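Look for subunit A in each of the two complexes below; its partner is subunit B in the first and subunit C in the second.
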Partner chain A sequence: MLRWATFAWLGLTLVFIAAPTLIAIVVAFSSAELVKFPPDGYTFKWFASAWGKELFWRAALVSLLVALSAMAITVPAGVAAALAIRRSSVATRRMLELVFMSPLLVPAIVLSLAILVGSVLIGATDAPLRLWAAHSIIVLPYVVRTTLASLAGMPPGVEEAAATQGASPWQVFRYITLPLITPGVLAGAAFAFIISFDNVSVSLFLVNQKTPTLPLAIMNYVEYNFDPSVAAISTTMVALSLAVAWLVERMVGLRRILQ
Partner chain B sequence: MIEGSIPALELQGVTKRFGATTAVDNLSLTVTRGEFIALLGASGCGKTSTLRMIAGLEQASAGTIRIRGEDVTTLPTHRRDIGMVFQSLALFPHMTVADNVGFGLRMRGRNTADIEREVKSALELVRLSGYENRLPASISGGQQQRVALARALAARPTILLLDEPFSALDRKLREELTLEFAELLRRVEATTVFVTHDQEEAFAMSQRVAVMQAGRVLQLDAPTAIFLRPADVDVARFVGMTNVLDATVDASGRNATSALGLVPLATLFEPGQQIAIGVRPEHVRPGDATGTTAVTFSATVRSTAFRGRHVSVILALERRGLGETRIDMLLPHGVMTPRNGEAIRCCIDAAVVHVMAAV
Partner chain C sequence: MCSATRTPRIATFMLAMPALSLVAGLIVFPTVGLFVLSLAENFSPGDPVDQFFAGRFGWANYVRLVTDEFVIGRLLRTLVIGAIVTLGTFIVGVPLAMALWRMSGRAKALLLAVTLTPLLVSIVVSAYGWSVLLGQRGIVNETLRSLGLISRPLKLMHSDIAIIIGLVHILLPFMVLNLLAALERVPRVVLEAASTLGASPLRVHAAITLPLAAAGTRSGVLLVFSLAVAAFVTPAILGGNGTPVFPMVIYDQFSGSFQWAYGAALAIALLAISSVIVALYLATARRGTY
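Let's look at the complex of A and B:
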């Protein structure tokens, strides 16, 4: 009896989590001219229509570029930060951890407003550059965190053992530390990509109207149109996120990182 | 100077302070080439800090460390010519057995053929040929132990450092490996510094043992000397000479009065001198003494414990007006098992009574 109740509860929770996504995916294949659930018939035409719109694929390109460049800078920076944090004394360590986690705690609106004001002050009003800087800040905590977790999970003494074997600090990092923390670093990179690609709140303040990111292009579009091409775009984004998650799972096991 | 006269390792006044505590206090030690020396002591005595300073994993607060005559006190770990086996073994989990063993050679820039040959001979030495392509996680604890030793020896370092390498193993495997490693290291004539809290391990493997306490070496000597003639009361208690009694040399200078009565002394002492006498529990025998140079006394059995090969007995010695003195006795299995509360006669051969400075 209790068993069945547990399963029922689990099922309900799963439906609650997955239903919105599933509905969007179903609607993406709907043959109706307006968003309607359940659909009357099925078609692929909205994918063609959506990706035929320059607006969307240009926006997708902006998002991809911002996400990849944010990833490219935060992965080395985050790994370096994690290594430094680990070597610090307990008090310094607490402080540094707080500093590097703070982008998760400060409301995104405040952060983006600050970056907007700051960029105007120093005259760096180029939108992609601003976006890149802002996204780098918000994704950095994920890289630092997953790297710290994998550093903590390293077997004790292996770095010292390598040093006694004649490995210089750089060789210790190259042959021992890096291979052992690679799973955590890859997971951090994947998170960085997804978080950046998906972001609305920070981007909202910093894009210019000609080059929005994909989530903002979708928002703009929905204001005046309500056809299933939006759902088709969303479905593509879901597929991309799932693909990244699947890659990470294949390479390192997602469960280990999320713990 | 000729090569042979330079010690493999020399510590001079080495001190390590962590904040207000002094872990190693002005320690000096010389290890000759091919010698096997143990640092023996309870946890916190400074033995591990000493080893880590030799390896360069800790910086000495004061003093000088020389490896084969070269001052390495401030040299980083990777430039010291050492090999080390860690308590946690610290095998590289992402590398095969062969890559683990060959790591040091690779870091020292040796060519592939060289590395292959040295790895092969190191694995033969520890009897692990055929395990080259296994990962550390897929072999047994004893085999991992051997890989760790092979890795430390592969580059033929000047000094081999062993940091409690057997403490994670079960008793049987530990005893096996202790003897095997001791024999192996003698054969390759490795200069070895071995840190342990286990006196049996230290005695079985080493040519000399340094007994440490509170960051100092209390006694540095051959295992039998430490066992039979501990330098002071602390060493005596540490090596299991648990019966330590205050005594006073009598007017003749040939006997000492103690809780056991009049004890004959092997050499002449100054009359009236305060001394401490020590007797190992296994040297306390039941029954009356037969020779003339023996001490006999009566005591009450307080408790007995069966320990397999031995029965350990705690005796209480009555001293009029002075309360009780505790005497430990270790009886070989099968001799007798006294009952609690029983009054028995015991004796000690004067030859095994060890005289030390009074505390």
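Let's look at the complex of A and C:
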């Protein structure tokens, strides 16, 4: 009896977790103009309509450029930071970890406003530049974490072995450490890409309304339109996120990034 | 740790340098800028940038904040919503974390992946999904009506209920991950000992598992509370234009009424509140389980 109650409760929980995403997917494929459930028929026309909108394409391009340029800065910086953390004493290590986690601990709206004010202060109010700055900092914790996780997963002693054989610190890094952590670092970079691509809360004050990022374009679109093409574009984003998540799970495990 | 490859302290510092400068330039400097702006007593965003430091400085915006009944009311309401959301994630999260704790292998990986989906899907997409479900003619209302439970649609969207549902949904993974980490640190032998000595499964959990996992529970609660209080986008979409949360009041100062300096003071207040919660979180998370 208790067992069945537990199962039922778990089932309800899973429905709750999956409901909003599933509903967006169902709406994206349903043929009716008005959102209806269960749908009368299925179609791809909303995908055609969404992908045909220049608005979404341009927004996706903005998001893509922001995410890639943020990673170009943060991935090397984050990997180096993780190496530094590993070399530090326990006290320094704790402090550095906290410093590099800080972008997650500051409320997004505060971070967004701070960068807005900072950009005004130094007179660099270009929207792409501000977005680049903001996204570079919000993905830093994820890159540091995955790199630390993959450093911890290295076979013990290989670096020491190379060093005692006369390899310089740079050679140890280039030929031993880097090849071993590359899958983890790539997974971290992929996860960082999704975090940046999906972000709304930090971009909010920083975008130029004429050239929004994709999530903000969706948010603006929903305000005035209720046709299912927005569900289609959402479904596209979900597919992209889940594909990357699957990749990350295969390479380092999602939990190690998120915890 | 790796003594053979240990490089001099200066090299370690150089390695940390790029990331440290990112934090300094993109978190510390902008936050100090925001704080300075919050002290400006007659700055408006139309002013040229040099006006930023030219005007009078003082605590006027903070004095206004603590005497602004509207703002204090919104702040209290936000804390109440945050508490309800935290309780909600706890009630939904505990059975889920316990199920994950007992599972292993593929089944566990799959259930964990489903649990984490709210983190992996853009909050705009989730909010859109909820608005389809909770709207006037949404699926929840239509279902309740066809079952004859209600005669007219419930107002779910643009209400505190929608905000709470949306936030419980996106914050649940944080609660579950914290609870699971705490449970996994509970030594199983202790539980086995208790059941060998005749304790019922329910008694084992009530008397041993839960107390041992208490610290992890505290850190999960604090983390979710801090995120719920600071959440903005989900309340803005699900709560509608007049959504009664504190971050929305901050937003309005910047986008609607153009009172940047006052908005900056409100933002610093939010930062202070969440810093206190985060400090408590770090203290409990560090102390470990027992």
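Quick note on the criterion: the second predicted complex is superposed on the first by the 232 of 259 C-alpha atoms of A that agree within 3 Å, B and C clash if a C-alpha of one lies under 4 Å from a C-alpha of the other, contacts with A are read in each partner's own complex, and residues count from 1 in each chain.
Please note the rule applied: a residue touches a chain if its C-beta (ideal position, glycine included) is under 8 Å from a C-beta of that chain, and two chains touch if they have at least 3 such contacts.
Everything numeric in this text was worked out from a predicted model, so none of it was measured.
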Touch check for A:Gln165: first (subunit B), second (subunit C), both, or neither? first
If you count the residues of subunit A that each partner touches, which comes out higher, subunit B or subunit C? C
Report for A:Pro155: first if it touches subunit B alone, second if subunit C alone, otherwise both or neither. first
A:Thr213 in the overlay: touching subunit B, subunit C, both, or neither? Say first, second, both or neither. neither
Could you say whether A:Pro179 touches subunit B, subunit C, both of them, or neither, answering first, second, both or neither? first
Could you give the residue numbers on subunit A that contact subunit B in one complex and subunit C in the other? 160, 163-164, 169, 172
Quick check: in the complex, which residue numbers of subunit C touch subunit A? 1-7, 11-13, 15-20, 22-23, 25-27, 29-31, 33-34, 37, 49, 52, 92, 95-96, 99, 109, 111-133, 135, 138-139, 142, 169, 172-173, 177, 181, 226, 230, 232-233, 237, 247, 250-251, 254, 260, 263-264, 267-268, 270-271, 274-275, 278, 282
Interfacial residue positions of subunit B with respect to subunit A in the complex: 55-57, 76-80, 82-84, 86-94, 103-104, 107-108, 151-152, 155, 161
Taking the touch rule as given, give the residues of subunit A at its contact with subunit C in the complex, in rising order. 6, 9-10, 13-14, 16-24, 27, 35, 37, 73-74, 76-78, 80-81, 83-88, 96, 98-100, 102-103, 105-111, 113-118, 120-121, 123, 133-134, 136-137, 140, 144, 159-160, 163-164, 169, 172, 194, 197-201, 204-205, 215-216, 218-219, 222, 230-231, 234, 237-238, 241-242, 245, 249, 254-255, 258-259
Complex contact set, residues of subunit A against subunit B: 155-158, 160-169, 171-172, 175-176, 179-180
